[in-house]
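One chain, chain A, links the two complexes that follow: it is found with chain B in the first and with chain C in the second.
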Partner chain A sequence: MQKIKPFDHLILILGVLFLCAPVVMALMSSTHAAIDIHSNGLSLLPGGNGIETYTKVLTHRGGFTGDVTGLLMLRNSLIMGLGFAVGKIALSMMAAYALVYFRFRFATLLFWAIFATLLLPLEVRIMPSYQVMSELHLLNTYTGLIVPLLASATGTFFFRQFFRSVPDELLEAARIDGAGPVKFFIDILVPLSKTMMAAIFIIMFIYGWNQYLWPLLMTTDESFYTLMRGIKSILQVWVGSQIPDYNEAFALAVLAMVPPVAVVVIFQRMFIKGLTESDK
Partner chain B sequence: MTDTPLNMVEADQTLVTRLRAWWSGETANPAKRVQFDRPLTPWLFLLPQLAVVVIFFYWPSVQAVTSSFYLEDPFGFGATFVGMENYADALNSSEYLGTAAFTAFFCVVVTTLALGIGLLMAVKADKVIRGAESYKTLLISVYAIAPPVAGLIGMMFFDMHMGPLKDLAAFFGYDLKVGINYWDTATALIVIAVWKQIPYNFIFFLSGLQSVPVSVREAALIDAQSGWRRFWDITLPLLAPTAFFLLVINITYTMFDTFPIIDVIVKDKPANNPMTLVYKVYLDGFKGNDIGGSSAQSVILMGVVALLTVLQFRFLERRVHYG
Partner chain C sequence: MAELTLKSVGKTYAGGVDAVTDVNIDIKDGEFIVLVGPSGCGKSTLLRMVAGLETVTRGDVHIGGRRVNDLDPAERDIAMVFQNYALYPHMSVRDNMAYGLKNRGESKAVIEERVAEAARMLELGQYLDRKPRALSGGQRQRVAMGRAIVRQPKAFLFDEPLSNLDAKLRVSMRMEIRKLQQRLGTTSLYVTHDQLEAMTLADRLVVLNGGRVEQIGAPLEVYRKPASTFVASFIGAPAMSLLDAQIEGGQLLLAGQALAGVGIAPGPVTLGLRAEDLRIVANGLRMRVEYVEELGAQRIVHGMVGDQAVAVIDQHDTPLGPDVRIAVDPTRLHLFDARSGRRMETRLHRVAEPAQ
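And then the complex of A and B:
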């Protein structure tokens, strides 16, 4: 239809460079020694210090946070991402099912009560949320890290939209066959939602993994630190040292970004579908 | 998408009939033609979500509103009711107004740049045939990078000792001092925030462009010879709903999701550094121990966000009618 224009490619290449060059440079610099980075700046080529740096970051106790290792933070981030995604899908599917498939008292009221959570992001109510958490003794627990983030209705919203697009005939047929609400949900609706669940899982996993502010407030005990929390710590150690451990900071950044980036690239198609069709 | 996101009740219903419908559970526009009719089961399904929402959303939100009317004793000996004083203090403080002004400026600049560059990339990626998938994958991959990681990488680029951008500025004879000079820090924040947001806008613009039917594209190709005219007269109007949706998302992003970037760059050292309103809520509450003041600022922000959300739903509603 149209001929290839070098100008279009030029703009795209510039865009890719602007977006990806910093990531590549962070990756490459993490394999150089700190002194090397300090004197020669960031580099675009791999250095010889990679294995040493990553071994240190992953296993060395007291690297920058005193007591915690990279592996531990990696595990905590994973717990956070997976726990959040699974919890979100479970809670929101059930709630959306009740709201779409049942006729019951206060349904509209409950609908608004749940969807009002979309109005206020967590950042706006951090101070009182923190107080509530300390009253409930949930500071420094995985429950405290994950469950409060489930309060937003985004997932419920996606599933409600999806359930409404499921043909009514399915329910009619199931009822004729004598299926109750629980059976219909588990045997028909859940298998039907697999694609949607996968797409939302990807989005929510990245969201949970990338949380910063909430772990920052909830965890003072280092054994609950996530990678994002580790980034904050490494910056606090920074001040005062002669040559900061640039390489270790970059290695930590790489560890923190590899899993979500890999998930997005591998499941690109499903991810785009989930994002563009459910967010609107 | 064929229905409105929120069950819009028809306008001619009176309050009484609406309340009665609420009571009995019948809506003017039920989600399904056939529904289960059990009194207890839906509550069991709703219970987990409701519990989480009440404990972790309504309880703190109510607490934010109440404590905004009190002055907390810094040593923890009770609180005094001060009425609207916390609000008055916030709105009369030049520091708060300065932060509000910067937040507005930050929103406008980041949103404009991120939307503009995202759109440009999407239009070009939609045009090229060779290598389109690789460009897409590369551009999208940055989406998954967490804001604090983006902040950390950005900080290294602006670093005093080895930052390439510092060297670039020095080449042009400018001494870039991020973290010390107000506008230098602001520039760094803007560059990092835009960098992080471009992939998101790109994904949406591209999927918007690719949903334009081939017949429309071909007709446009015949009618308008110049690429610019085609873009202005046909592509852009068709993209308007996506653009408006993204506008709201981008404003919310710059207001709230840039928190980690600011935290990494400014590092709890607010002295003469720019920050957003959300960051100030955090600083005053956690570092300054001014719970009442911080809560009042939270409530003001709640108002702003509520307004934005209403705007978004308004738009969604309209989009369904004409879209």
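And then the complex of A and C:
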């Protein structure tokens, strides 16, 4: 038995509190009335307004058009997150497959070109991207929201490294077994990459879920509002004597946390496996 | 089942490295051929050319009378067993074996029947639904063989299939492979660097060195009449001792002593001595004992004659002094050209025992 050291535990408990307190605070504050929060500050104890606030946030029709409900924003965010994650995985897997398994000129050069785009954040290329989408008349569409950000250097890089760790004999055995390039990809590589896909799914889902600037630029139609914009717009009403609906902002923030947390919890085991071990 | 022919096959890699040069082998239907040689001798390259995993730079490869140089591996109707098994990790044993058949569009009934038959032959029945990672090395190797068998190919290609197994398992799998091959009667090409494996498995051996064929022949023939010093030192354990000797006046001289009479022009030659052909005797060549390997049934005495290393197999277990005398039957001597290393065929006869 290891001796229990109180001091170590104290540090750990402090760490846990430090990480959890803001979340708890947001959750608890969201159950108070807005005025309450405005006058008394944040609170760590539950208030009595929880159900009303959450119902209102999810179903209240807001915005200029009066059509934007929390559920709609949640749906939009989900479409963004899932579209990003699935699209990026599909695209980067195929790119990596081409880079690793096909001998073509400039493959290495191409790879480094893709890799170099990792250095450019979205903000740098946001204007040209916007212009392209605008000229394609893809503003205010899901396609326009998702497709321009699908090319993923990170995903391509991860999958390339993973494919390179797959033994060559597997490819050779498959060739002798009569599997062509497409069959090998679908029958062998895709199932082998499952853990890798789970890992990248988590990263990319959260990346898509948290997008703020891009949807802000790409969509003017309120039916494309995402949760992130919703939170922001609640706090934007601070004019004159208006008190922002803090409770609603907190409620939305809490709601916005749920899907990513769920994704992480579901994929966590595969995620860790995918990052730490390559399947034999 | 088919015969397999290699006609002056060669392989040059990009960058001008010659991996294989001018290989000619005629393999009869149902024959078990072992390609043996040290690492880097081109044996795997040769096998992979037959499999279609490497392009053939020169020459022709025929399988069952059909030139296959430009065919895909899948179209060559061969099956291959890899050193690291190369099983599909995410598929069950059953699916692993069935995959090739599925891709060929065989009917479900045929697949099921062949897989069941292979599983029965290899005693894999109870493992059919397991994943490869839940199997031991020997079992994995059997699955790899099962995958080859179900296809009923014209030829089996083995690429060092036993190298990843421990010594004991290797011996028993060796026997299994041989029995299986005899039962199925499928032409087989087997690559190994283990000369013992080669000797025990092969109908005929192909000894390769530096991408060239040194000798082709039945195991015993290769053992008894090695065509070159390379073959002599590679086949057999302990390796044949190769010594610098002289021919003078119709006599073969080693360390100043005449061993045999020969009809070859005077000059330096390389003398080959098999350890089991040497005997420890009362009178003979003087050997300084360096160390002794006890093997139980026999012992191998390593020593020096003059300044050249010699190994002797001795059946006795009497203690040895620092010096022993050794003798050899002249008909068991091997002579090789000192420069080219090729075998010199000549009649050797006994000379009078030198006076003590």
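Simple rule for what comes next: the second predicted complex is superposed on the first by the 252 of 280 C-alpha atoms of A that agree within 3 Å, B and C clash if a C-alpha of one lies under 4 Å from a C-alpha of the other, contacts with A are read in each partner's own complex, and residues count from 1 in each chain.
Quick note on the criterion: contacts are C-beta pairs under 8 Å (C-beta built on N, C-alpha and C of every residue); 3 or more make two chains touch, one makes a residue touch a chain.
Note that the structure is a prediction, hence the values are computed from the model and not measured.
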When the two structures are laid over each other on chain A, do chain B and chain C clash or fit? fit
Just chain B (first), just chain C (second), both, or neither: which does A:Pro191 touch? second
So in the superposed three-chain picture, is A:Val147 touching just chain B, just chain C, both, or none of them (first/second/both/neither)? first
Could you tell me if A:Lys183 is touching chain B, chain C, both of them or neither one (first, second, both, neither)? second
Tell me the contact category for A:Ser43 with respect to chain B and chain C: first, second, both or neither. neither
Identify which of chain B and chain C touches the larger number of residues of chain A. B
With chain A at the apex, figure out the C-alpha centre angle toward chain B and chain C and round it to a multiple of 10 degrees. 80
Touched partner set for A:Glu172, first chain B, second chain C, both or neither: both
Overlay on A puts the nearest Cα atoms of chain B and chain C apart, in Å, by 7
Just to be sure I follow: which residues of chain A are touched by chain B in one complex and then by chain C in the other one? 172, 175, 279-280
In the complex, chain A touches chain C at residues 167, 169-170, 172-179, 183, 187-188, 191-192, 194, 279-280
Under the touch definition given earlier, write down the residues of chain B that touch chain A in their complex. 1, 3, 5-7, 21-27, 30-39, 41-43, 45-46, 48-50, 52-53, 55-57, 59-61, 63-64, 67, 117, 120-121, 124-125, 127-131, 135-149, 152-157, 161-164, 167, 195, 198-199, 203-204, 207, 217-218, 221, 245, 249, 252, 256, 259-260, 263-264, 267, 278, 281-282, 285-286, 291, 294-295, 298, 301-302, 305-306, 309, 316
Could you please specify the touching residues of chain A with respect to chain B in the complex? 1-2, 4-5, 8-9, 11-12, 15-16, 18-20, 22-23, 26, 29, 37-42, 90-92, 94-95, 97-111, 113-121, 123-132, 136, 147-148, 150-153, 156-157, 160-161, 163-164, 168, 171-172, 175, 181-182, 185, 206, 209-210, 212-213, 216-217, 228, 231-232, 235-236, 246, 249-250, 253, 256-257, 260-261, 263-265, 268, 271-272, 275-276, 279-280
In their shared complex, at which residues does chain C touch chain A? 51-53, 72-74, 78-80, 82-84, 86-90, 99-100, 103-104, 133, 147
